[in-house]
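Single-structure report; data block below.
In order of appearance the chains are A, B, C, D, E and F, and numbering begins at 1 in each one.
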């Protein structure tokens, strides 16, 4: 069958809601405010994060799948959404104890949460929308 | 000119980001958790709220406008976004001091913030998306 | 609290996938083809139906909800998606045994499946997207 | 068949591209600039207009349609898009010879172009997006 | 002229509707059900497939086009949509006689249907949305 | 901190409205019409251009940003939107004096307007939607 073994990317889109503020420990409030503006306001704000997880590899000859997107969705729920959804990223999430929860850093954290659970023969790529007009991609 | 005086609705879409939690004062934590689930987690979560403001009235013979959408956008910025954007609704916004910031209640609050600034001959309607899949409309 | 008792609409968006063909029993194949075109091809085609369910009523003083959207989502899953998702509407769904599964008819069927499970004091409205460019609303 | 005769709305979404400027004949350039801002710049700008045409009526017992959306799409192409698509509204379209092509006025013009071609027993409603954040509805 | 000869990608988005089921010939019904879940139900389900076709090459000095998107749209209609739109992929489409119509395989089939009709100096890339939340890309 | 120095892309989405026509100087009207069709009509048409600007580089250790998206947005406003928004591309924009304003050419022009204002260590990529179904990417 002609498509077998061809390299394809499969993408699953998920979402989660979280609160955060941009804030660098060790900086004064003035430094934080001048660098991060409204995003640094002390009582947090939040986002509907839209998350795309892309897995790239060869089509499996048996199933016609690179990876079952239902399984990928379950892995994202278990290892990413369970950790981040409806949370305060600064206060509730271990990975951001000393890391500013910018979209860039959140994308790297999500990648690292998920990477151990995806077969090593498959490539992993993260796209994260913080708003409909601001988003990031990792690795780039 | 044939369209003059015809009744038309004009709609402006804006957005803001905010943190909140659903929480009824006077209820125990268990009551809040059983009613509001993850939305009641203590450290807040957040949303990209998409807000549609609809104003209905007759087309003005001079301008061809029901209302200048640039002006409507400015009024929303000044009276609504200034109050809610990048805020913690529970902690920072007077209107939610004793009011649970459900999407329903936020829509009513936005309506009441904006109503005094729209000409009384024009009708006002609010549509508020809390997530791409959950939204509310007021008045209904 | 000022928003209590105000009438608000709450909307939940869900989706399902199904196959169908437009076909009137008792008509010849030629009649069906000339009326329904490609939509009448014998081996079925399908759609990602996007479904919006709107419930309208007064804000509850205790919760600030018209209706918990999580509960509404569960009711739609149980009474609508369970019946229609990943099905062949013509072959698998009792309601379409003698009813052409046009978008109009599907919207009425969904309304009637859900109506008994929504409190009678609340109004129910269905919006159904058959494609991003074709959709229907009931009641109108 | 239970859905027969029920009143349903069917909506078809189309789009067209056009140039325009907001400009009131008889006003000075200064008056136009102060009222319409950048929208009044002399060499025109343009939009991807997204047009929704809603037709409301009873479900036909034979077809299960309120109105065939393929037919509605053809009528919009013939009577609206043929007139407006890839045109300069101010210079090329008779209806705007003495009418400022605001979104409000364009919606009324589209309604009046289409109304004679829709059965009189059916209601007609126009929603017109000038940008993703600015749109109008007629009748309201 | 400074942009001439620069390499640019042009993308055209199309859509089609089709029915399918995921099913591997030679497997038992139990094997198919356990691997493909609801997607394997015997009477088919369907999707609104959104298809993006990307063609990459140098800007032509005469036209300013990499490739006329109107022509690309016509080629997609003729060689892809004609074959897949409003069809049952398993029953009606030769390419899936022995190939499971997963999104991955459909993307490869679309690529191979179109490749002979695109100039060999141009690269071809396919993105296929099976649902708004599940999509694939080929080649990856 | 584990994400520091990792390479990430950050994307900002903006939009502008403009009029244009496709037209090659030195060609006859017939040549222009036969190559560019309705897009060559003499009185211009227009679009809501959606513009995505992608900047790729290492995460800054201090801020957690690749680049502040607020700053990127300001640079796009100042150097791109100021030049193109609400303009007639053919008549008002120096870059298109001798260059056909195809989407391909507009993307290259936008890239060249912005490139001098982005740090040289960062990569720059442009995605430009002329309509929701037609878009281009540069460099490809």
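Quick note on the criterion: contacts are C-beta pairs under 8 Å (C-beta built on N, C-alpha and C of every residue); 3 or more make two chains touch, one makes a residue touch a chain.
Remember, predicted model here, so these are calculated numbers, not experimental data.
Undergrad: Which chains lie in contact with each of chain A and chain F?
TA: E
Undergrad: Quick check on the contact network: minimum steps from chain A to chain D?
TA: 2
Undergrad: If you apply the touch rule, which chains end up adjacent to both chain B and chain D?
TA: Of all the chains present, those in contact with both chain B and chain D are C.
Undergrad: Distance between chain C and chain F based on Cα centroids, please, to the nearest Å.
TA: 41
Undergrad: Could you give the separation in Å between the centres of chain B and chain C, each centre being the mean of its C-alpha atoms?
TA: The answer is 27 Å.
Undergrad: Enumerate the residues of chain A that touch no fewer than two other chains.
TA: Residues 132 of chain A each touch two or more of the other chains.
Undergrad: Can you tell me, using the touch rule above, whether these chains form a line, ring, star, complete graph or other shape?
TA: Looks like something else, not a line, ring, star or complete graph.
Undergrad: Among the chains present, which pairs are found to touch?
TA: Once each pair is checked, the touching ones are A-B, A-E, A-F, B-C, B-D, C-D, C-E, D-F, E-F.
Undergrad: In their complex, what parts of chain A are in touch with chain E?
TA: Those in contact with chain E are residues 1-3, 6-14, 54, 56, 59, 62-66, 68-70.
Undergrad: Would you pull the chain B residues touching chain C in the complex into a rising list?
TA: Contacts found on chain B: 22, 24, 35-37, 98-105, 107-109, 112, 132-140.
Undergrad: Where on chain E is chain C touching in the complex?
TA: My answer: residues 15, 17-20, 38-39, 41, 43-48, 85-88, 91-92, 131-132.
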